[in-house]
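The same chain A turns up in both complexes below, where it pairs with chain B and then with chain C.
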Partner chain A sequence: MNLDRVSPDLRPIAEDIARRFGNRIDAWDTPRPNEVYVHASMDLAAGFCAHLHRRWNVRLIAVFADDFRNEGGVFHLYYALAADAAHGFVFLRAPVSPDTPQFTSLANAIPALNWQEREVQDMFGLKLVGHPNPRRCALHDDWPEVYPLRKDFGLHTVLPPFQGERHKFRQVEGEGVFQVPVGPVHAGIIEPGHFLFSVAGEPVLYLQLRMFYVHKGAEKLFEHLPPPHAVRLAESISGDSSFAHATAFCHAIERAANVEAPPRARGIRSVCLELERIYNHVADIGAICTDVAFVTAHMHAMRLKEAVLCACEELTGSRLLRGMACLGGVRFDWDAGQIALLRALTARLRPEFDSLVELIDGSSSTRDRLETTGILQPKVARDLGVVGIAGRASGFDHDLRRDFPHAAYDQVKISVPVYQAGDVKHRLQVRVDEVRESFSIVEQLAARLPAGPVRSEIGELPAGRVALGYVEGWRGEIFHWIRTAPGNRLARCKIKDPSLQNWPALSEAILGNIVPDFPVVNKSFNLSYSGTDR
Partner chain B sequence: MFGILGKSLSTGIVTTKYPAAPPKVSIRARGRPEIDWTQWKDARPAAAACPTGAISFQDAGGHRTARFDLAQCIFCGLCADADPAIRMTNRVECAARDRASLISAARYKLGDDGAHRQLVPGPAPVATEPARPPAPAVSSPLESIGRQIQQRSRLIFGRSLHIREVDAGSCNGCEIEIAGLNSPVYDIERFGIHFVASPRHADMLLVTGPVTRNMELALRKTYDATPEPRCVVAVGACGCGGGIFGVNYATRGPVDAVIPVDVYVPGCPPNPHALLHGILRAIHREQWGRI
Partner chain C sequence: MNLDPIHLLLQTLLLLALAPLLSGTIRSWKAKLQNRRGPRPWQAFLDIAKFLRKDMVIPEHASWIFHFAPYVVFLSALLAGLMVPMLRIPAPLSLFGGALALVGLLALGRFFLALGGLDPASAFGGMGSSREMTVSAIAEPALMLAIFTVAITAGSTDLSQMARTTQSTAFNLLNPAHVLAFAAIFIVLLAETGRIPVDNPATHLELTMIHEAMLLEYSGRYLAYMEWGASVKQLVLMTLLVNVFFPVGLAGADAGPLALAFSLAAYAAKLLALCAAVVVVETTNAKLRLFRVPDLLSAAFVLAALALLSMFLFR
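Up next, the complex of A and B:
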């Protein structure tokens, strides 16, 4: 084993792994200095993750599977861990034999894995052992026995149509306890999902979530598209994060190909990511106000959001920044006029945004509704591995822009707002702070965007490579993990949207709150259904 | 209180004049692509570049039928990058009542190298439409004629329209722009049009897609719960034509594979002007303020 390739920050952790688990490790692979793979058997997983967490504060960011039967006769299970302080990722890869297609659940020790493990079970047919609630999750109860992400399942398989809901929710009983079902078609202009509230009077006793109504077979589809087309698919994982998802995907491909986007492209990427952050945060700030009946603030927020979307159209040809991302950089360069427009935008929006925040802060009835509503306790947030805005509002000090600088984030100063209160007010406050931070990042980058090309040539992808692409989207961390196949194709693309991680936190935050506060609590998380369901 | 009032007054009116004035769209915006059919030398590069299959072709007997389906197009511009005969325009008002009218096609005589030799004059057969299960018959022909008359008169004379938005599988991009219609900039309520919380209160369903397998029944039920006369507007490349997802194990494809559609609004997502255009077109009011 040779750890020379491992980045100096990550090396102490790698050495510790080698010391502690060395005799049980089959092989090491370090495709990139901040991305280390340890190949070992599955029984190592629990001890491995627990040790790294205790000793190095390393956290699990994803569990996923990969059908490697054609190449190596087995399925692979991956445990992806992020060492924030060491700016590196460690993967544990364990084989699962097709003869005994099962794996041991870690969800009892790491509740954050609950849904992800079940998704592996549903999509690959690997049976969970020891999971507290091993029911179906990603595929609804009426789906036939199919395993869509296995290689022998065709993308275009025709399944019998959905005949009706057969999911058995947990019964909550007691005097005066009512069940309030909501969805999948909701009252507002939002995505579909099903919520079942169990209430006693007004307070919510228990909230059950049922997602995956908009499962579109995206991960399977990635395996059928040439990479340039797959970028457009990545834009459609979650429309509000079009650019972030597409860029995370491009980042993965670039890392697999050992190509880096040129400095100017990285600068433009960061600007676009910040514009996406600004328009979504501003819209959410407005929507949170609407949900507590302060519509005027919402209208001003919508006006500001519109200004950002128009600027995006001027900069990329698309209001949602679609068509801008591309492999090896960005598709369109900006001329001096467009950069001037960018600077004029922040100059105009800064005072407007301050005035909006002042308007909201000045409304005592709004403050009253937001403070101490929907509290997500830091301890619970940590157990569930809550990331992004919701994580930072509940004490989790992390941000990929700072801890894993991608795009041009190594070129700018970033401060990360972190609060402990975990209520709606503070999820709003994180957004307010971040919008101001984004203005500053855009200004810093626009003032000195490096000259040069905006695109590097990628060429045909070498087969059999694995790579992780990552981006801090406005909602939280986005990961795209790929394995390349011969003929410039992908054998696997695993997508991890922060929403998947954060949904269970909503069930915790709403407990004890009254049903009429649910919309505002939900909006303060504003999770993506499509990003979750894919 | 006075602060709120003062801010509103000092902001002034920000609402677009559309449709009395043309849509305000950047010249850099990518709207519908335009193909110079007479100058098109070879459909293959553009078809290979197109991620959704909006541009496609079929060769038979020394001839090629090249086809462009606006319903499926995501306005990405990759075809224009690959082929000088294709140009991206910033035209966003693309809504159509008739699915077939979104498809254009031409026939070419083929050269030995597979490029087009010349355009064959006359309309090209648009018969390459992929087979799709028919939408369920909703009512008897007589009923449906009666419904149309009723609907037309009501839509022409009625001043108010209630819309229920249904996300049947979208990526939420369309929802962002639809939500924008309620902003002071597009202000859909100035037409007497409201978004409502229940299909039972609605005249129109605004549906985004692709319709997933898991949402198919919910969409049908929502449709059935909407009182007649009702109309359905399919929104976005996925809702109109299946988009980049198309039909796969988890999706049923476009909205009209599941319920009948009256108006199609292409785009990915459609610009809010395009949405207004489509909604007003559905109620025969797209000329509102222009005449």
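Up next, the complex of A and C:
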């Protein structure tokens, strides 16, 4: 065991792990100073996570599996933990034998793992032991017994048509209790998701969510694409976060290849990430107002969003920043004119955004609708591991830009808005604060964007490397974890979008509210269906 | 009083033509006020014409009520419209009923509208119907009470008679009873025509809808009747406000063409002013929480009660 490579911040945690669990740890691996892998048996997982959480306030960010049978004869189960204060990640890697393909659920102790563990079960056929609700989740009931992310499942497999029983929704009974099914096809241009409301009159007693209607097999597809092409696939994981997802993927590849994007490229990446944040936040602020029928504010927000999108097109050739990200940096450099345009944009938008916020704050009827609506208690948010905007409105004091500075975020001053109230109004307020913060970040970066190239060369990827790429997208933290295979391919690409983590919180936030308030509560979370189901 | 066929025909046509135009004008002005270009005022006509041409999709479980409701909604609104003086006193059907018949006809239309929403047994229709009935249970008494305030002065519940009394020089337009009753009916107008802050006519969110939720299963011709009926009802309520409360320019029974033309111009001007008020309210307000709508309507009821009270106090 050699902890020399571990970054100084993370070292106390690594030493503590070695001290406490040393005799049960089979191997250590430190591919990068802030990324430590601990190889141990499954039984260690519960105690390991619990200890790190209590002692070091480490949070579990993802649980996923990897089919390692061709290389090592076993499946690997990964528990990814983020030590925000130590700016590092700790992974517990536990082998699962193909002869007894099962693993112990931690969902009873950590409710945040509910969907993730079931996704592992559906995709890899590793049976859950001790899960409170081990039904199908990521793959619907109409899927036959196949495990798409196993290596022996061919990409072009054609599945037989549906047979058997349809999904049984949970029944809620009582006098005057009705169930109102909404979706999966909705009015307006949104993605499919099923919401089953159990209501007594207007108040909601229970909301059952059923997601995963848009399974595209993206993670499987990544294993069949050369990395430069896979960047384009990463862009389409969630259309409103295309730059963030693509950048997270590039970040993972760069870390695997031990190449860093040049400073200028990192600056441009940060600017693009902030532009993505601004246009989405502004659109959401408007959409929240529409859902309470305050259309005037919505129209102003759309006007501001349009200005940002036009600027994006000037800067990257695409209104939604598509095609800008690439391995090793960014595709296009900016000339002085484009940087001046960036400055002009923030100078123009700042006062207009202020007056939009003033318009909303000044409308007492709007405030009345937003305040105390859809409260997500900080304790519930913590239990469910809610991240991003929704988390920060409920006391979640984390932001990858501050805690794990990627791109050029180490060059700028960032303050993270955190509130405890957890209602729609405060999710709106987090957005307002973050837009202002983004203006400031864009200005800081535009003022001193380093000179130099915008792209580093990345040769063929060495096989057998693992790496975690991370980006704070506008919705929350995005992780791409990869393992490389021979021949410049990926053996596995695990994508973690914040939506997957946050959807269950919606069921909690709506409890006790009335049905007509659901759209605005839902909009205040604004989660991605596509990012949930890759 | 004789039934004047020409007058009857004229008012029917006016109701049918003016109602969609008014809805379209509100939509168009609202867009202008929100910095949008918006639809042209006559877009509402084109929509109705389009719906009339389209095929209908009838829900599998719908009974005769579903088919019957659009006609009742449309005709009850139209009949109610013929009892309100639009251009000339008396109204063409004033013989057949006054304020009570008007409120009754509107209630009949609403009853069938709610049944039509419930009948196909879709989740949203039922929610819409239940909300509509909750809202109208408070809106209706407020409307009645406010009308009675004027009826007491006129000594009759006949709307034409009420307009005539209000028109007479003896009556003071700034009478507190009058103003309070007007305010009460204005709030009822917002509720009954599904306007912000009670309902949002432009939303696509089924979960928040009241009026639109009941229409979700309707399509084609039936939808055209429903929409047209709703806009006629809106015109009727607006006419009630502008002609019974401010019968300025309203022509008498024996008016010539010139007086009628003047009456039409005055009527249009008053309607547009009222539209402008509705547009301003809709643009500057968010929708109320559903459970606060009764508070607003109770306020209308209290205003109407105060109007009635001040009628006796300041007489």
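Keep this in mind: the second predicted complex is superposed on the first by the 529 of 534 C-alpha atoms of A that agree within 3 Å, B and C clash if a C-alpha of one lies under 4 Å from a C-alpha of the other, contacts with A are read in each partner's own complex, and residues count from 1 in each chain.
Rule of thumb we're sticking to: a residue touches a chain if its C-beta (ideal position, glycine included) is under 8 Å from a C-beta of that chain, and two chains touch if they have at least 3 such contacts.
Since the structure is predicted, the reported quantities are computational estimates derived from the model, not experimental observations.
Aligning the two structures on chain A places chain B and chain C side by side, free of any clash.
Between the Cα centres of chain B and chain C, as seen from that of chain A, there is an angle of 60°, stated in steps of 10. Residue contacts after overlaying the shared chain place A:V182 against chain C, while chain B stays out of touching range.
Within the superposed three-chain model, A:T296 lies in touch with chain B and with chain C [touch as defined at top]. Shared-chain residue A:T366: touches chain C; no touch with chain B. Of the two partners chain B and chain C, more residues of chain A are touched by B. Using the contact criterion defined above for the overlaid structures, shared-chain residue A:D517 touches chain C, although it does not reach chain B. In the superposed model, A:H229 makes contact with chain B only, not with chain C.
Contact with chain C, but none with chain B, is seen for A:E202 once the two complexes are overlaid on the shared chain.
Contacts of A:S438 after superposition: neither chain B nor chain C is touched. Measuring only between alpha carbons, the smallest separation of chain B from chain C in this overlay is 5 Å. In the superposition on chain A, the residues of chain A contacted by chain B and by chain C overlap at 187-188, 296, 299-300, 303. Residues 140, 146, 148, 153-159, 161-164, 184-185, 187-192, 212-218, 220-221, 225, 228-229, 232-233, 235-240, 242, 283, 296, 299-300, 302-303, 305-306, 309-310, 313-315, 317-320, 322-323, 355, 358-359, 362, 528-530 of chain A are the ones that touch chain B when the two sit in their complex. Every residue of chain B that touches chain A in the complex is listed here, in rising order: 3-4, 7-8, 11, 14, 25-26, 28-30, 49, 51-52, 74-78, 88, 165-180, 182-185, 195, 197-199, 210, 212-218, 222, 238, 243-245, 247-252, 268-269, 271. Listed in rising order, the residues of chain A touching chain C in the complex are 178, 180-182, 187-188, 202, 289, 291-296, 299-300, 303, 363, 365-366, 368-369, 514-519.
For chain C in complex with chain A, the residues that touch the partner chain are 30, 33-36, 123-124, 126-127, 196-197, 200, 202-208, 283-292.
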